[in-house]
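Okay, got some structures for you below.
Two complexes are shown next, each including subunit A; its partner changes from subunit B in the first to subunit C in the second.
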Partner chain A sequence: MESIKIKKITSVWIITVLLLFVASIVLGILMRLNQGEVISQSPITFYSNMTTHGLTMIGIWFVAGMAAVNYLMQRYVKTSYTANVFALVLTVVGVVLFWASTFVGKFHAAWTFLYPLPFKDMGSETWATILFLISLTVFGIGWLIWSVSLMAQILKKYSISQSFAWQHLTKNPTVETPPFILITMVTLVGVIACLITAVVLLVLFYAEYFSGGSFVNDALLMKNLTYFFGHTIANEMLYLGLAVIYELFAEVSGRPKWKTTWYVALAWNLSLVFILTAFFHHLYMDFVQPEGLQIVGQLASYLASLPAAGVTVFSIFIAVYRTKIKWSLTNLLFFMGIAGWVIGGLGAVIDSTISNNIVLHNTLWVPAHFHTYNAMGNVLFSLGFFYWFSTQFTAYFHNKKFTNSILALLLIGGTGFLLAFYVGGAESIPRRYSTYPAELSVGVNLATIGAVFATIYLIAILMFFFNITKRCLKILSSTS
Partner chain B sequence: MLKNIILNIIAISLCNLAIAQSVSSDVKEESNIYEQIYDAPINVVGKGQVSFQELYNQKPLLLALVFTRCSGVCNPFLFQLKENLALKTNDKSFNVLVLSFDPRDNMTDMSLLAQRFELENNEQWFFGTTNSIEELNQSINFYPIWDSIKNQYDHDALLIGINNQGYITKKLIGVRQGHDLDLLIASVNNIFSPTYRLPNKNMLFSCFNYDPKTGENKLGLGLLFIALPAVLTVLLLILISYLVKRKEPKNKEIF
Partner chain C sequence: MQQQPILVLFLALAGAATIVFIYVFVSSKKAAQTDQGMSNPLKKRFWFLLILFVILGIFTSVTIPKSPYYLFAGETPTKVVHVSARQFAFILSEKAIDPKNPSGENIELPANELVEFRVTSLDVNHGFAIYDDSNRLITQVQAMPGYVNRLQYKFKKPGKYDILCLEYCGMAHQVMKSTFIVK
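Here is the complex of A and B:
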C-alpha cells in the first residue's frame, strides 16, 4: 500500500513539474523575443515574466530533485508520505499565490527580490509585495518540513557520523553508507541551512513591512542573506540530481552499483563546507564587505566545484570508458546532464574569479552559465529520473527513434540557446534589460537567435511531456 | 586680506540662506545622475563660441550655475568654490565652467564677474553664457524661478560634475565644504568613492557600524544573522539525531 502511494504522489510531482516547466519556458522565450524586438512587452510585463520564470524554475527543479530522492530513498529507509503530500499541497498553493502576485499584482523585483527593491513603488499593486512574501513563506514551510522529515528518516537508521560516511575516512569501516545516503544527507543539511536563512530573511522583510518605518533593514545583511538562500538552493538542487545519478546510473547501465570510498566521502563532506560559503562571490561589488569574505567567496567557489564534480566526473568516466554499457534514454540524459553541469560549472568558476567578475558582472555571461548547468544539467538529471520512473510500472518498449529525436532536439536547441547567452556575455551585453539601446544592437540579434533555439528545446520538452505524462496518468489510475 | 575677511563673513552669513534654498527646492542631488548633459553652444569669455562637448572632452568639468545680478547665494557660492579649489593647487584634472542661466547676462557681465573674483587669468576657470539655457537646464533638472517682486531668481546654488564623456556624475546643492568637493572631483574623474550609511536608531541589525569620527567600520549584530542558519542547522541535526536515537535501534549492517 505504501509503495502504491509513493508511486502515485511521485507521478503527481512529475506531471506538476513538467506542466510548470513548459509554462516557464514559454515565459523565457517571450522575454528573449521581447529583447529581440520581435514582440513588444511593457517593462512591467517583462520583469513580471522574468520574476515568474526565475522563481518557478528554481522551485520546480528543487522539488523535482526532492521527489526523486524521496522515491529512491524508500530503498534504504521508510519516508513520510504525509510530509510528501504536505509539501506538494503547499507547493501548489505557493505557486498559485506567487503567480497571482506577479501576473495579477505585477510584482516584478526578480526572483532574488533584492532588498529594498520589493518595497519600492515600481508600478505593481500595493498588495503584490506582501502576497509574494507570503508565497515564499508557504514554499519555505512546505519544503523545510519535507527536508527535515527526510533527514530524520535517515538519522533513524544511520548515526550522524554514518550518514556523513565519516567511517569511510578510516582504514577499515565496518558499516557502509551508500553514496545515495551520503549525498542526500550532505544536500539536505545544505537545503535546511538555506531554508532557515530564507526564514530569517522573510522575518526581516515582514518586520520592516509591518513596522511602518520604525524598523529598517541593513541592505548588506539582506544581500548576504538573500544570496546565502538563493545561491545555495540553486546549487543544492543540482546535488539532489547527482544523488539520483549515483543511485541509478550504474543500475540502468547494467553495471555494478557504486560504493562509497574514502575519497567519495571526503569529497562530499568538503562540498558541504564549500557550498555554504561560496555565495560570498555575489558580493564582490560590495566594497564594505570585508576583503577576507571576498577571498573566502572566491576560494570556496573554486573548491566547491572540485570535490563533487571531480569525483562524479571521474566515476562516470570510469563507468563508461571501454565498457559495454546498456545505453537508454535515462543514462544518456544523465551523461549529457553531467557534461552540461561541468561546462556550466566552468562558466561559473570563470565568473567567480574576481579579476574576471569585474568584466563579466551582470552581463549575459551570468544567465549563460546558470542556464547551462540547469537547462542542460540538472533538468536532464530529473528528466532522466522521470523517464526511468515512468517506464518502471507501465508497458514499455525501447523506441530508438524517439530517443534520438529527443536527444538531438535537446542538444541543438540547448546549445544554440546557451551560445546566444555566452556570446552576449563575451560582448558585455548586460543582463536583465527588457530592451537593448542602439549601442547594444548585437544583443537584439542574439536574443532572437536564442528564442529560436529555445523553441527547439521546448519542442523536445513537449515530446517528453506527452510521453511521460501519459504513463504517469496510467500509474495514477492503476490500483496496484 | 581685508577683502577676503569681509567676503568670508558674507559667505558664512549667506550659508544659511543657501541651505534653506536647497531644502525648500525640488531639485534633488540624485536626479539625472549618469545622464548626458545637453550639448549647448557656449560663449566663453576670451575663447569665443565652443560646444559644451568640446569643453568636457578637453577635461572633466565642474559646472557652476549663477547669474551676475544675484543678490543672494551666487557670490558666496563662487567665493567658497574658489577658496576650496585654491587649496588643491596641484589638481589640474578638471576645469570649472561658471555659466549664467540669466538671459540678460552678456559676455561683458561674465567678464566682470571673472575679474571680480580675480579669475580672469586662471586657465582652469571659464566664464560664459549660452543661448540654449532652457535645454541645458532641462537636461540637469534645474529650474530657477523668476521673482518679479524681488527682481531676482529663486534658485539653488548648484554645482554639477560632468565627466569627459558628458555624463553628469554628481551634483552638490548649496555651499559645501572641501570633502564634498573631493567626492565631486573624484566622480568626474571616474574614481570610485565609498559611502557609508550613518548610524540609525531604526536599524538594529547592521553588519557593520560606521564611526564617522574615526572613519572605521566595527562589526555589527547583523553578522550574527549570517552565521545563525548554519548554527541552527547543526543544532537541529544533533537534536533530531538525539530524538530518533531514543526510539530506533542503530544500523549495524556489515558489508
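Here is the complex of A and C:
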C-alpha cells in the first residue's frame, strides 16, 4: 500500500514539474524574442514574465530533486507520506499565488526580489508585493517541513556522525553509510540552512511592510541574506540530482553499486562548507562588503570544484571508461548532464574570479553559466530519473530512435541557446534588459538566435513530456 | 579589452571537457565484455586532484592581487565624482549631492589620472557600469541605498563614456543611462 502511494505521488510530482517546465520555457523564449525585437511586449509584462520564469524554474527543479530523493530514500528508511503530500499541496498553492502576483498583479521585482525593490511602486497592483511574499512563505513552509521530515527519518536509522559518513574517515569503518544517504544529508543541511535564512528574510520584509515606515532594513544585510538563500537553494537542487546519480548510475548501467570511501566522505563534507560560503561571490561589486568575505567568496567558489571534479566527475569516468555498460536514455541523460554541469562550472569559476567579475557581473555571462549547469545539467539529472521511474512500472522497450532524437535535439538546442548567452556576456550585453539600446544591437541578433535554439530544446522537452506524462498517468490509474 | 580572452579561455576549456567526455563515452561503446576499465583509478584520481589544485592555486595567486579593491592601493585620486543613482537616472556631480534635493552637472574627467566615483543610491539597488566608446564594459560597482561604494579608475583613452545600470531596478531599468567625457 505504502509503495503504491509513493509511486502515485511521485507521478504527480513529475507531471506537475514537466507542465510547469514547458510553461516556463515558453516564457523564456518569449523573453528572448522580445529582446530580439521579433515580438513587442511592454517592459512590465517582460519583467513580470522574467520573475515568473526565474522563480518557477528554481522551484520546480528543487522539488523535482526532492521528489526523486524522497522516492529513492524508501530503499533505506521509511519516509513520511504526509510530509510529501503536504509539500505537494503547498507547492501547488504557492505557484497559484505566485503566478497571480505576477500574471495578474504584475509583480516584477525578479526572483531575487532584492530589497527594497519590492516596496517601490512600480506600476504593479498594490496587493501584488504582499501576495508574492505570501507565496514565498507558503513555499518555504512546505519545503522546510519536507526537508526536516526527511532528515529526521535519516537520523532515526543513522547517528549524526554516520549520516555524514565520518566513520569512513577512520581506518576499517564497521558501519557503511551509503553514498545516497551521505549526499542527501549534506544537501538537506544546506537546504534547511537556506530555507531558515529565507524565513528570516521574509520576516524582515514583513516587519518593514507592516511597520508603516518606522522600521527600515539594512540593504547590505538584506542582500547577503538574499544571496545566501538564492545561491544556496540553486546549488543544493543540483546536489539532490547528484544524490540520484550516485544511487542510480551504476544500477541502470548494470555495474556494481558505488560505495562510500574515505575520499567520498571527505569530499562531500568539504562540499558543504564551500557551498555555504561561496555565495559571497554575488557581492563582489559591493565594495563596502568586508574584503575578507570577498576573498572567501573566490576561494570557496574555486575549492568547491575540487570535490565535485575529483570525486563525482572522476567516479563517472571510472564507471564508464573502457567498461561495457548498458546505455539507456536514463544513464545517457545522467552522463550528458554531468558534462553540462562541468562546462557550466567552468563558466562559473571564471565568473567567480573577482578580477573577471568586474567585467562579467550582471552581463549575459551570468545566465549563460547558470543555464548551462541547469538546462544541460541538473534538468537532465531529473529527466533521467523521471524516465527511469516511469519505465519501472509501465511497458518498456528501448526505442533507439526516440532516445537519439531527444538527445540530439537537447544537444543542438542547448548548445546554440547557451552560446548566444556566452557571446552576449563577452560582448558586455547586460542581463535583465527587456530591450537593448541601439549601441548594443549585437544583443538583439544574439537574442533571436537564442530563441530559435531554445525552441529546438523545447521540442525535445515536449517529446519527453508526452512520453513520460502518458506513463505517469498510467501509474496513477493503476491499482497495483 | 578583457572579455575576448575570457571567452577564448572558456571555449577552450569547454571544448577540452567535451573531448574528454566523448573519449570516455566512445571507450565504453568500444569496450569488450572482458575489459577491466581504468587501471589504478585511485592513483589517477590523486594526480588529477593534485594538478587541479595546483592550477587553481596558481589562478588564485595571480588573480586576487588584480581584484578591484587592491588595484590603486596607496594612490590618491586627483578627481572625485559623487554619483547618486535613482529610478531611472544617474546624478553626477563634483560636489556632494544632497539626497533631499539632488542635482548634478555634466562631468569631464582627465585621462590617465586616478578618478574616484563615490556611488550610492537614493532608492533601490542599481549598478554603475562604465562602457567605453566601443560599447565594452570596462568597470563597474553597485549603487546601494545607505552605503557609498568607492570605484577607482584611470581612463586611458579620451572620449565619450556611457554609464548603464547593471542591477535590475524596475520597469525602465533598460533605459537608465548617463554619459561623461574624458579629455
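Operating definition for what follows: the second predicted complex is superposed on the first by the 479 of 480 C-alpha atoms of A that agree within 3 Å, B and C clash if a C-alpha of one lies under 4 Å from a C-alpha of the other, contacts with A are read in each partner's own complex, and residues count from 1 in each chain.
Just so it is clear, a contact is a pair of C-beta atoms (placed from the backbone, for glycine too) under 8 Å apart; a residue touches a chain by one contact, two chains touch by 3 or more.
Small disclaimer: the values here were computed from a predicted structure and weren't measured.
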Please tell me, clash or fit, for subunit B and subunit C sharing subunit A in the overlay. clash
Examine A:287 and indicate which partner it touches, taking first as subunit B and second as subunit C; both and neither are also allowed. both
Contact-wise, after the overlay, does A:295 reach subunit B, subunit C, both or neither (first, second, both, neither)? second
Can A:204 be said to touch subunit B (first), subunit C (second), both, or neither? first
Taking the superposition on A as described, I'd like to know which of subunit B and subunit C A:175 touches: first, second, both or neither. first
Figure out whether A:220 sits in contact with subunit B (first) or subunit C (second), or with both, or with neither. both
According to the stated criteria, A:366 is in contact with first (subunit B), second (subunit C), both, or neither; which is it? neither
When both partners are placed on the shared chain, which of subunit B and subunit C touches more of subunit A: C
Is A:437 touching the first partner subunit B, the second partner subunit C, both, or neither of them? second
Should A:165 be classified as contacting the first partner (subunit B), the second (subunit C), both, or neither? neither
Identify the overlap between the subunit B-contacting and the subunit C-contacting residues of subunit A. 218, 220, 287-288
Under the touch definition given earlier, write down the residues of subunit A that touch subunit B in their complex. 148, 151-152, 155-160, 162, 174-176, 189, 192-194, 196-197, 200, 204, 213-218, 220-221, 224-225, 228, 276, 287-289
Applying the document's contact rule, which stretches of subunit B touch subunit A when the two form their complex? 192, 194, 196, 200, 202-208, 217, 220, 222-223, 225-226, 228-230, 232-233, 236-238, 240-241, 243-245, 247-248, 250-255
Per the contact definition, I'd like the list of subunit C residues that touch subunit A in the complex. 2-4, 6-7, 9-11, 13-14, 17-18, 20-21, 24-25, 27-29, 31-33, 35-38, 41, 44-45, 48-49, 52-53, 56, 59-60, 63-64, 66-69, 87, 123-125, 127, 129, 131, 135-142, 144-151, 162, 164-175, 177
Can you list the residues on subunit A that touch subunit C in the complex? 43-44, 47, 108-110, 112, 114-117, 120, 122-123, 218-220, 223, 263, 285-288, 291, 294-295, 298-299, 302-303, 305-306, 309-311, 314, 317-325, 327, 335, 338-339, 342-343, 346-347, 350, 353-356, 358-363, 422-423, 425-428, 430, 432-437, 439-440
